[in-house]
Amino acid sequence: MAEIASLSAAVADLVRDGDVVALEGFTHLIPVAAGHEIIRQRRRELTLVRMTPDIVYDQLIGAGCARKLIFSWGGNPGVGSLHRFRDAVQHGWPVPLEIEEHSHAGMANRYVAGASGLPFAVLRGYVGTDLPNVTDTIKPITCPFTGETLTAVPAINPDVAIVHAQRADRAGNVQMWGLVGVQKEAVLAARRSLVTVEEVVDELEPVPGGMVLPSWAVDRVAEVPGGAHPSYAQGYSERDNAYYAAWDTISRDRDEFERWVERVRSGEVVRAS
Amino acid sequence: MSTYTADEMMSVAAARALSGGQRCFVGIGLPSTAANLARRTHAPDLVLIYESGALGSKPDWLPASIGDGILAETADAVIGVPEVFNYWLQPGRIDVGFLGAAQLDKFGNINTTVIGDDYANPKVRLPGAGGAPEIAANCHEVYVVVRQSKRSFVDQVDFVTSYGHGRGNGERERLGLRGAGPTLVITDLGVFRPDPDTHELVLTAVHPGVTVEQVREATGWELRVADELATTPTPTSDELAALRALKEASSS
Amino acid sequence: MAEIASLSAAVADLVRDGDVVALEGFTHLIPVAAGHEIIRQRRRELTLVRMTPDIVYDQLIGAGCARKLIFSWGGNPGVGSLHRFRDAVQHGWPVPLEIEEHSHAGMANRYVAGASGLPFAVLRGYVGTDLPNVTDTIKPITCPFTGETLTAVPAINPDVAIVHAQRADRAGNVQMWGLVGVQKEAVLAARRSLVTVEEVVDELEPVPGGMVLPSWAVDRVAEVPGGAHPSYAQGYSERDNAYYAAWDTISRDRDEFERWVERVRSGEVVRAS
Amino acid sequence: MSTYTADEMMSVAAARALSGGQRCFVGIGLPSTAANLARRTHAPDLVLIYESGALGSKPDWLPASIGDGILAETADAVIGVPEVFNYWLQPGRIDVGFLGAAQLDKFGNINTTVIGDDYANPKVRLPGAGGAPEIAANCHEVYVVVRQSKRSFVDQVDFVTSYGHGRGNGERERLGLRGAGPTLVITDLGVFRPDPDTHELVLTAVHPGVTVEQVREATGWELRVADELATTPTPTSDELAALRALKEASSS
């Protein structure tokens, strides 16, 4: 059963140096505040997993929390590049960043396999591309019925998955709606899980398009209103497009970025702002 | 006739390539602009599919990202990301994959991964693959929209992120890929289509006021020009009005 | 785009002798009226696919429409056996019935593979059972990453899938909610599809737990209120448990069953009743 | 003390085996009766999972089928059938799989497929596997509830639909199955548990008024009896009242 905890206690309990950690949320419902808490707690040597590492991963990478990134698209959506990510890959700053690179279809299926208790997934993917030449977690597999060759990718089973959702009830059942990405799969694939929510309510009113994760499939729930900012929570907030643009400036310069990290560490930046 | 920019010409030309009722898998940026413009002009029943999980979105403005709330709120159905790729893209249910590119080569291969020939030590680290490799593999055909320069239009991409026609001559079919691959490339200068036999991209149209020489200057390989080179019709005032209204609504 | 048609026209257009046909619906939303229309149109030599062949398949089998059944559980749920199914398997009446037998997990994954455009699916299943000894569509497969042996089953891609749903709009977009079984997968796996609905409406109001199949993924929509009886359509009708019990009597005796078939053929039984 | 039937004793004994907070994958019929009784008596927070797609159902009466509307309407979450098996059952998230059986053997193997030794020409064609093979494989442990007779309680099942302990002696582990398999069998006569070493089912308790001789008569193999044979406590009036109320509500 999920325990309702503070964000800092939940991150302290669940996230350890060296862990494989997935903060998921496909543009919508990105658990940014939890990422900041990881920076604040100075976690190190994490293997970060995420289909679309965007600014929250740029922040974690720039703050030196990560030694490896498993991903399929790393950019500032609608704006451009991730400068901290590029700096880490191109110049090893602040620490070298190993990368394991897939496509979205491959990553989504890796989570599905992880959630399904299978060691691998099968897809029609990567054929003809250079990705199998640089990523050793892409292999051919033969259909035992037709003889056709397809592509296999291994399951992802993070030590910890963190997602953001709209609501939880006091028993820790979690409800989310709108674009739900691979959040359910990430939670189910992980050994431990934390869900930050906009609010904890007495009862989860059913919502069109809503999905419920039962309390017994989640370890911790933390109430963090606005915890997805500058991403959004449908029904609670709008995407802050201006912040994504502003991040381009903050992140372009190492010194300016480090001042931002200091603000996070001092507790001044509680949400992305 | 109103004046317009090369980018506007490109978006209008790309929008015109789409027709009503088609199912279109839309990348963000230039492809999304073109697809939404098509839906607001001649193809109102174009079905827009975004990898974030929105099937049949009908946004009133240009979304800033593939995950904007407007895409989910106006969709016929909202689904999880694994389902987008497994149930809808992979089986070949989508007519057109509409992609951008950082680098595009003579055979329509797309690079959005690294610039430079050492993957481990790239000159420029780009965002990576996203949904593009499987969009390029599994849609019935692929349209690419890209601003053209000698840097972006190269003889051979540094990294094949999304497979086009390989090194041509039917390589794509031999790999067992089901979709036809890139059948149309639209740039700010003109329009390219693959030669039916060699699959090399051939200039088939120039935009109004653009010379073949200008296109050649912006092409990183020895440009081939179609025997019957067309000129793209200029944007109509309706097209420009619709395009500007879409952009205005999104920035307000 | 789905065409809105009458049930008889849709079945005549889509279902041909010798086809592989899946009528799906997991207890809820079973397309019973469409099954009766297939009996009325005297289709023959069908390969019938269904996870839970219950009374509608008992009827199709007894009426001699089927030469083969692919399934995972054949019974009258909450009542007992299917007498027409047993008679066909044990005595070849009215025609012999070939069977291909799986588990629910295997069948569900066969539909998933079919919907996904893959030739096979992988699961942890069948291990130690006698099913692989009698069913040749169950094979071992090795994980290319861990070396572990798992089980593969081939995709199901029916010629026709038929499901029942609550509503469609006039453009043919289909909406269903409640227990949705493998209905989406069956439709997406099939070459052709028919959805019978309780009603065609001007606009599909979003519903909690609702799922929409876009018009362009469906071939025909037919308005058949009560078309799931004696199964039910959540929000429209209740399961008719008495009818399931009554079927036990009708189906136990060949003559009584044949009188029932005549009533269906004469158009007297339009719904199960 | 009120009177009760052997079936009521069986349901009460089966219900008592479940404890609060457990996640229980429930087959229809006897298992569903027992699981719902447990939820209405000593284990209100028992989590009931039905293969039809209902996670955490809280029905007020006994559903006639695994797909009754009441299961969806009272569930914490309603999901598709592939998800039930792939995301919830297969990874080992369920504590107890609660199954019935047409035939059960000395090592807890279950047959619900055919009676007779020729699969192609069976004496009796049974419904088949349903969800049981993977429930038996992937739940942490399996409880079986079955009416006992020489016909149903056999030395070796005619067909292994759901694997128990094979022919015993650790065969199950050698096959790499993750769950512990059948750890408890409850009949209308008594309770059986597998011997820790051989995995043969051993009679560990008789229901009140039942003799070992009666159990032996209803067992198709040479019955082993535990050194310390228990007697099941009789149903309490609360248990009987709850059971009868559940059944009454479902038939009204």
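Order of writing sets the chain letters: A, B, C and D. Residues in each chain are counted from 1.
Methods note: contacts are C-beta pairs under 8 Å (C-beta built on N, C-alpha and C of every residue); 3 or more make two chains touch, one makes a residue touch a chain.
From a predicted model like this one, the values you see are computed outputs, not experimental measurements.
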Smallest number of contact steps required from chain B to reach chain C: 1
If you tally the C-beta contacts for A-B and for A-D, which one comes out higher? A-B
Taking each chain's centre as the mean of its CA atoms, chain B sits from chain D at a distance in Å of 57
Which whole number of Å gives the spacing of the CA centres of chain A and chain D? 41
Taking each chain's mean CA coordinate, chain A and chain B are separated, in whole Å, by 28
Please list all residues of chain A that touch 2 or more other chains. 112, 117-118, 123-124, 148, 184-185, 209
List, in ascending order, every residue of chain B touching at least 2 other chains. 86, 90, 138
Graph of touching chains, which shape: line, ring, star, complete, other? other
What is the complete set of touching chain pairs? A-B, A-C, A-D, B-C, C-D
Can you tell me which positions in chain C touch chain A when the two form their complex? 117-124, 137, 139-141, 143-146, 148, 150, 152, 154, 206-210
Footprint of chain D on chain A - complex, ascending: 1, 112, 115-118, 173, 184-185, 188, 211-214, 216-217
The chain B residues in contact with chain C across the complex are 21, 23, 47, 55-56, 76-77, 86-87, 90-93, 138
Within their complex, chain D touches chain C through residues 28-29, 51-54, 64-69, 71-73, 78, 80-82, 84-86, 89-90, 113, 119, 121-134, 137-138, 159-163, 166, 171-172, 175-178
Seen from chain A, its contact residues with chain B in the complex are 26-28, 51-52, 71-75, 77-78, 81-82, 85-86, 89-90, 101-105, 108-109, 111-112, 123-131, 134, 148-149, 178-182, 184-185, 209, 231-232, 234, 238-239, 241, 244
